[in-house]
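Labels run A, B, C and D following the written order; every chain starts at residue 1.
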């Protein structure tokens, strides 16, 4: 069972609240949900919608067509038929009823007059619609209790509830879906998962400059700054944000910054500084479509080539692209240990799809996680901050003991951090970076294999495309194809033989990416020599879904 | 005939003046020269040297060992024997004479007492040494006339000349070298060649922030601002520099900015802005070793991967890496036409080697050059600034006529420049960029082939490595090897079949690059699928020379 | 503003905006439109430049040349545009975050150049487009969507800052008083040199403190006798903000040579200069 | 400074510098060394931070913790360092180009935060390391290696700018008067909050105008009666520069809560806080 509910209207008409209530109620009733926000770069007006896909098992990807649409205004109503599944229906206020649309069988008109009689809420329609949806899905009236917000007054909450209850009464009782109650699940989005992963890893300092779709990370962290004993600082610009994170990290605190493409672009010089000064730094780039301002609130996977080579000169770095909301937590946790082990910058590459996807997932397990710092504990009178023989570990920072002095430097330097122009030191520094890259390659996670063992086609994806591709692979195999997939969360650096075990004769290799330039496909070709027979791309600012992949596959 | 003269000492001891005098005199006598500055990132002191390699034919690359060394101080004298050719000799002041070095046969001690008697110049020693060198090379005393600077007083010039004349008298007369006088040559360095190429192409506006080794471009342009009717502006930072260039270019003036790695890093966001707003922009990145501050006054070819993918999102761009000082002029000229034709950013990638190499070359021919602007002349009442069907040309700017209004925008936009979030427009924009890339690939120059037609080894280089590799190829073939080279000045984008005609069975392909990560080799593998059998790299901050390449080849 | 004026005004565009109904931005847009028309300018003579933000969308809503650049980078892009063609009348219109936050360095150095442009800052004391974070002008202690415990840094006083940089024209106005605003824009357009107008602009969506009412109760017009040429007095006046009242009007004025006037060899705009490759031949002679 | 003091001073390093003999930087270095020693600090308690430039090489020449960052970016790196460990005494020492040019935005916003640090600007009114271009403080019309016809923009007055930003401690000194300089560093170290000292420093290689003599003839000490708490008076005084004389001393002082004091929940430095993955469990409950 998989159903999708869509709430469509203008910014400011209550889409977010309705989505929040609905996904929370469904989750509490034991459904798995995955919601996604599809919104314009504006504060009020425009055409926005949220989708909530629910099922009795983990929901991997959103659907682009809905079973139920809650249309909050005329534009939404007009666009609804195109976004509706065959058997679906639309909920709309009877005040939008015109001769043109009246005939449409799949519209359930909610009469405003009786509704107004029971509820004075300005959101009466959407609350009522939620009631209808719950009844339709066969839930108990009890579930409506989730329709409250602490920050609202008792009165507002009551009148909303009245509208919901009214909606619940509008339909005949429905057949109940069998759901096994999921106890240990949480409902969390990608930005929150990154923030939580960072805090689990001991984050102490976060600085950022607001930028969609990454702002959710700092907003979440700032709200918990006091409770968690963090310092969260809004910087004057992205350069300051990353430099401040480096300043904190070089003084022993786990530190991070987050941004989106344009902000990341401004951080590029500092990225190289973190690398050459060997300061463990974690940067999250929540991708949105570029170039430049691009589409501020949409999604794309088109910053990979950029982040993999960003900054002048040559150094070791790690790029991780979480596959799912759940993975975002564990991968972010891992990022800090890797950064501190190899003393390199680690870039976490998510995107608006992941950032604005709220998903029911297993509660994060922290008992198995360990913060590893790789510090040098012994006092050093002449501390070799940049020992050329050390591939990992051995770090000290000011104040770790009361004797050692630490020099952090942005030039080519000798082992103590004194700037030098010596040829041999210059070479040694390169060799150290190269050794680190080899170490990192051996430590990173192999791609996840999924699908038919006797595959004729191997679909390769990275990052957030995972969910849609997984659903597509399942569907294709169900339809009699023999396909499998490889999903990379650890996208850089790449071992030359990473694909070797998966390549067999007569197997087609297809890369599936949310960009037009086949960025990961090209990186794989560069690093492994493997060429693709076909590519499946999406680059209209909207996320992949399974049916799009299936269609492209069949073409 | 090929000889190298080295002037070594501390910053502030007159290396630059001696080099300038010597290269100018040699050039005027009909020699071809190539000089290179090897200096530390400091204003006074340290150990610096300039080399001047001269010959009776075009000099392609500098040598790392000298025939004559002018040692200006003790440190220089101590280091000289290691830098001297077998038959070479050293010029030093007799005041540096100690028991330890006295025995060294190859040192010509210049006695200070008689010298002081004829010249009171503070540069008496180096001027005298120049006189010795001229005599040694068999020139007439006349040549010493070049030993003057307009900005110096008559008195200073006279006393310098006296020292030179004294030096000239110190040796017996030497056998004269046969040289054919080169009329139409000039003596120019890489930064000047870029500046001149830009002005030949109609540059009107240049903005930059000082940064070694790129500062020479703005310094040269600023000195000729008035004469050439330019506006040359020192910006508050590199972001301002590139944005100002975009502002000027979007208003119809050919504009450029120049910087080195760290400054380029700061320009990355704006680069994407130029791309999506389709403003023709030329950026010169004079590479120095990174990461971060790196080695400010040294050389490396390690920014290629970075500039090829810099900035979020996907767009068309061109990267050109001039092969020689001469090529820097014509390539920069070409850059502006390409930028304006395709309305894309063009990055010129030089390096400290090229920037600080002064070479005797044929005088630039401007008669065959044509400034091509690809403008739309007709008045447009609703001007489609971003017509999706236009692969090149069709540009208007404010004021080109008195009717058309022009909108320049950084978002995804419709053809008029209005911001849009439409899926179809987003796709169309991508397709336009992809069409442009195809157009550009077909327009860019093929690599230069040089060497034995029956080559068993193909050496591939890009940018400034050309000169040293050419000399190495000549030497190897003279020594009985069968080698050829391919030199890319147009390094990105690359046609998939670019190497096809050059690859034969049993031919080894070796990439020769001034970096450790084989950046161009990797790009070629990514774009063409070709893998290298071997790589020759240099990454100690110093330039390639032929003997280094030969040795690496033989290993 | 009457309907008729609007209809005959070539700058007015019938493009829907993406601003919130009731936002102070509308009145700034209308004031610019009317002033430009009143001055008898044509759309072809005007270049509207902005960065990124809600305010920065303005060039899309006015019928003139437009340049919607990057967040924080409008001033340097203006520098190039002005250098290329100083015949164009440039109006830079952007937000407080854009100008004083991301663009702070360009702001201080832009003033030093004294370009002949008008710079209108829509100062809503908040980041609007990104949904309610504190901006450089948000008051100390003010709670926002991000600063849930209140702003920690001290606010920046843009007019005092501009005066300390000897900005050649520094004014303050209020979007809720379009007559005053228009008079300021007119004076700024008449001024030769860099003219800054910091316009107080209520953001009804994210700034619950600095509302229309809040401003209305505090703004007052500078006394006509106020001497705007005395830098120290101007500075003192500029420090007034908040409950003690907010002075509106021209706080400081110091006419001095403009950017273009400082470049002795520039007369006609760069864009009109004809150039050929042969132009460099005379330079090549110096390389003998 | 006597030889004996130098020998017993743990901050003194016998590392050769790459500064030009006779440069004003030497006396700044010595003044810092001595002041730190006089205050009884140990090298382990001090973190020297800089950007890039000639001045910015200083952390390499002093025996303490060091952080030589990027051109223009010393202040934000200090912000992170200070947030991580406010027990460290941070001295930021960098050039005028670094601080007011490339780093201008961090300068104005750094002031707003009022971190408890000392910021010493080696103001030689020129770009030294890059060999003689004009800096933000180079006088209008002054000729440089790049600006062959003279500087076109107006110079920035750093102390007036800082006062306009309500910087909590603003002082000026001169490398040619080490006693005065030391007294300023001492006062800045004693001050709780962001303390700026703009130090006039002759660059003998590239600034032929602002020589030792030029400064010497113009600087004068503020009258002891000068009231450094009056912001408007301080501003007026700060405007004095050049032939009319250059006041040295503490121009402005306004004690207020520091960066760390403004973060109510921070007491011991962040770096000492123990954290475990389980810490997030309490947050996860909110995602039910």
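As a convention for this text, a contact is a pair of C-beta atoms (placed from the backbone, for glycine too) under 8 Å apart; a residue touches a chain by one contact, two chains touch by 3 or more.
Owing to the predicted nature of the structure, the values given are computational and were not obtained by experimental measurement.
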Check: interface with higher C-beta contact count, A-C vs A-D, is A-D
Centroid comparison with chain D (C-alpha atoms), farthest chain = A
CA centroid of chain A to CA centroid of chain C, Å = 37
Rounded Å distance between chain A and chain D, as computed from the means of their C-alpha atoms = 41
Where the centres are mean C-alpha positions, what is the separation of chain C from chain D, in Å?
-> 31
Please work out the Cα centroid separation of chain A and chain B, and write it as a whole number of Å.
-> 44
Which residues does chain A have that touch at least 2 chains other than itself?
-> 40-41, 225-226, 236-237, 239, 262, 269, 273, 277, 292-293, 296, 410-411
Enumerate the residues of chain D that touch no fewer than two other chains.
-> 52, 70, 101-102, 104-105, 108-109, 136, 149, 263-264
Contact residues on chain C for chain B in the complex?
-> 15, 43-44, 47, 52, 57, 59-60, 63-70, 73, 75-85, 87-88, 105-106, 108-109, 263-266, 269-271, 273, 275-284, 287-288
In the complex, chain B residues that touch chain C | 27-28, 186-188, 192, 196, 199-205, 207, 224-231, 233, 235-237, 239-241, 243-255, 269-270, 273, 277, 333, 363-364, 366-367, 369-371, 397-399, 402-411, 417-419
Okay, in this complex, where on chain A does chain B touch?
-> 40-41, 239, 260-262, 264-266, 268-269, 272-273, 275-277, 287, 289-298, 300, 302-303, 305-306, 308-315, 410-412, 421, 423-424, 426-427, 430, 433-434, 515-517, 522-523, 525-526, 529, 531, 539-542
Touching residues (chain side chain C, partner chain D) in the complex = 101-105, 108-109, 112-114, 136, 149, 152-157, 160-161, 163-166, 231-232, 235-236, 239, 256, 259, 262-264
Write out the stretch or stretches of chain B touching chain D in their complex.
-> 12, 40-46, 209-212, 215, 218-219, 222-223, 225-226, 234, 236-237, 262, 292-293, 296
